[in-house]
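Handing you this structure, nothing more for now.
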Amino acid sequence: MSYETAPDEHVHAHEAGPDDVVLVSCVQHSYEDGTAVHLCGLDFIAKRGQRVAVLGPNGAGKTTMLYHILGLMKAQEGLVRVFGRDPAEEWPEIRQRIGVVLQNVDEQLLAPTVAEDIAFSPRQYGLSEPDIAARVDRALGLLDIEKLRDRVPHNLSGGEKRKVAMAGALAMKPELLVLDEPFEGLDPASRERMGEMLKLLAGDGTTIVMATHDIDSVPDMADYAYVMAPGGQIALSGTPAEVFSAADVLAAGNIRPPVLASLFMRLREESADAPTPALNVDAAVEALIEWRG
Amino acid sequence: MSHIHIPDGVLPLWLWGLGWLVTLVLVGAAGKLAERHDMRRKVPLLGVTAALMLVAMSSEIIPIAYHVNLTVVAGILLGPVLSIVAAFIVELILALLGHGGVTVIGLNTLIVAAEMIIGWTLFRTFVALLSRKRAGVAAGMSTVITLAITTTALVGIVWLGGSAATARETGALDPADLSFTNPFTEGVFSVGLFSGGEADAPSAPADSTQSAASESNSLSVKRFAAVVYTLGPLGWLFEALITAAIVRYVTRVRPTLIFSGALAEKERRIPGDEAGGL
Amino acid sequence: MHIGAVDESATLGRSWIHTASPITKLVAFALVLAAAVVSWNLLVLAGLLILLVSVATTARLKPGLAYSLAAYPALFAGVFAFASAPNVLTGLIIVMKAAVAGLAAVTLILTTPYPQVFAPVQRIVPGIVGDALLMTYRSTFLLLDKFSNLLTAIRLRSGLRGGHPLRSARATSQALGGLLLYSFDLSQRDYDIMRLRGYQDRLKTSLPRGATPARDAFLLAAALLALATSIVWRLGAAVLNPYSWLVLLLPLAALIAAALTSRRAL
């Protein structure tokens, strides 16, 4: 785990390592009217096959960071590298390797039917029709939405739309998945299935970068987490267990830890011999039984 | 009054043909320029602005046959090069929807583009003279002057075409060709907002000369001018108020869109995220 | 007016015109448009309109959607005709031309998914024009959708209180400013997404589904016949005008056939 409190003291990695799929280092973006986002502090690094969560309060600049990773914004200062390239300059070279689901799923369904929409990217990249058909079938299967195939996307529910958008992102079999609030609008069962699918994809080497408010699902959904402070700086990084034990940094960032983490923290306040925090229910039960016994 | 709602077949070939020719050359050049200066990034703004003009132009204020055009606002937002593209697209779609003819797309594009570009130029001049704080006033003044200029140009075009328009075959119910009597021959119905002008003369009798028929059927320049110059200024004022209000609002909320020229870098916003830092 | 309603009609329909090839439909559309441009004969135009109504009927387009969209152009044309047409006949012809063009465009858009319409068009116009044309189409629906919401919001938040024309005008134009910015942000995101998902300069589309050459040929033949009729009646007006009623026979037969088949199918 690394801490960072004073943004000026940190050391830049400057160039990405061989296994680093994404690197964001002290990016600053300022607007003409004086408002600005400074993504300084720790360097943000996502390695191959890693599921990385970006946490932070509203307005911390999570989406701004994703936009820089996607080449939609050009870093006025600082460094952004995706697959070793500057996405703002060299997007056409890397875009086929990146799948995206942004926050407003309503806006990213482009084609008139679900199947057509999932086929959108493969078609724009000029894949053959049989290949496209196979990819559509696979993506529909992965998300378990075969029955939506011929529906008009506009008429779907929020959760269904998110699944369709995810299927569209997976159709290109991306090496990097960038997700903004991937679990919003999903019911608990769908959320769980989505989590399992992400784990499977990461196991196959897909890197996943997700910005989320959904703190409670982070321990299960992510291998690594970055915490952004309200000022935009990246204040904390580590495994979910490490991050959620840094109560002071979380509090400063207006982030409420997961319920289980809070429970164990309270136990520690009450009794010095309380067990180390467990972040999922099974581990917590085990730890508590052992502690009581 | 920014474009002619003239159906096909009213204007002579040389006039609308020339309009199309000049338009295609201009649109081609604008396209090249836009590519060279990486103006693709402005396509979303172009789309929204064109859509706004479409919506405005299709919300007719029925009794006075006037509709808001928002051409000056659009010109201010897009700058001259993209204005040409936007004008062409708006006229193309309007024509496909029957709002004026297909043949007059060329001329209409020229008028709308001219209006946008004149508006943009005047606005820039007035802002330089008055200061940015008075952008709303500058926009309103630009609108009135621009519309006065383009309305005159429009009357000129109708005058050029109107005198040359020839007789048209109006089909089975054309009084000139009918052997049975029909109710329209006696001018049962006098059309139009204003009486006066040769077009209000009763329809030509069956044995009339070709030229008399042409006169009654061709668009009356006088009446057209009367309509646009009497109702026009009211419309200009109305349009100026709306333009000023929109420009004032956008200046306050997103000044780069108005002042930083066609290629401002900093206008992409992520609502909520910009508050993040200092 | 939601773009979803248009998409739904274009993609869920299974009629013969839905399954005709998009290129054929575009060409037929151009031919019908040309026929309307050429003709100054009220009955020829009426014939075209009846023909289009029968096509819309067999396509099972929702009448509320199709005819209300198609009525807009006729309405504008009516205002124009009222202000400037020299006589009632010319006025009627102007309105009729607009109605034909409008219904033809609406029939095309309601039976053809938009990528299939825009892909061929983008192939023949300069890059940025095709790009902007597509974004204008998408933004128009977006704008119409948000406009009523915004007016409602302004009204609720005290802008439009009855009997204050000046204040309501100010509130409305304020709303227009907000609408512009809001739509711009939406359109920007829409374009971002298209580019992120692989769109570059022009849409690529699949091969159209299940087009049958016979139907395409029939559609083209009908459109050509319409244009030919229109031209012949224009050129030979002096001789043919008294026989203009003949032009109506075929479209009327088509309409009756369309009405009968669609009733049987119900």
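Chains here go by letter, A, B and C, matching the order in which they are written, and residues are numbered from 1 within each.
FYI, a contact is a pair of C-beta atoms (placed from the backbone, for glycine too) under 8 Å apart; a residue touches a chain by one contact, two chains touch by 3 or more.
Just so we're clear, the structure is a prediction, and the values are computed from it rather than from any experiment.
Under the touch definition stated at the top, chain A and chain B share these contacting partners: C. Comparing the chain pairs A-C and B-C, the larger number of C-beta pairs in contact belongs to B-C. Legend note: the chain whose CA centroid lies nearest the centroid of all displayed protein CA atoms is C. Inter-chain spacing, taken between the CA centroids of chain A and chain B, is 48 Å. Chain centres here are Cα means. That of chain A falls 43 Å from that of chain C. Centre to centre, using the average C-alpha position, chain B and chain C are separated by 21 Å.
Under the contact definition stated at the top, the residues of chain C that touch 2 or more other chains are 186, 190.
Within chain A, the positions touching two or more other chains are listed as 72.
Among all residues of chain B, those that touch two or more other chains are 268-269. On the chain C side of its complex with chain A, the touching residues are 2-4, 7-8, 10-12, 113-115, 186, 189-190, 192-194, 196-200, 203-207. By the touch rule above, chain A contacts chain C in their complex via residues 70, 72, 92, 95-96, 98, 100, 102, 104, 107-108, 110-113, 116, 119-126, 129, 132, 150, 152, 154-155, 168, 172. Interface residues of chain B facing chain C in the complex, by the touch rule stated above, are 5-9, 27-28, 30-32, 34-35, 39-40, 43-52, 54-55, 58, 60, 62, 65, 73, 85-86, 88-90, 92-93, 95-103, 168-175, 177-179, 184, 187-189, 191-193, 199-200, 203, 216-220, 223-224, 227, 241-242, 245-246, 248-250, 253-254, 257, 268-269, 271. Residues 33, 37-44, 72-77, 79-91, 93-94, 97-102, 105, 126-129, 131-136, 138-140, 142-144, 147, 169-170, 173-174, 176-181, 183-188, 190-191, 233-234, 237-238, 241-242, 244-245 of chain C touch chain B in their complex.
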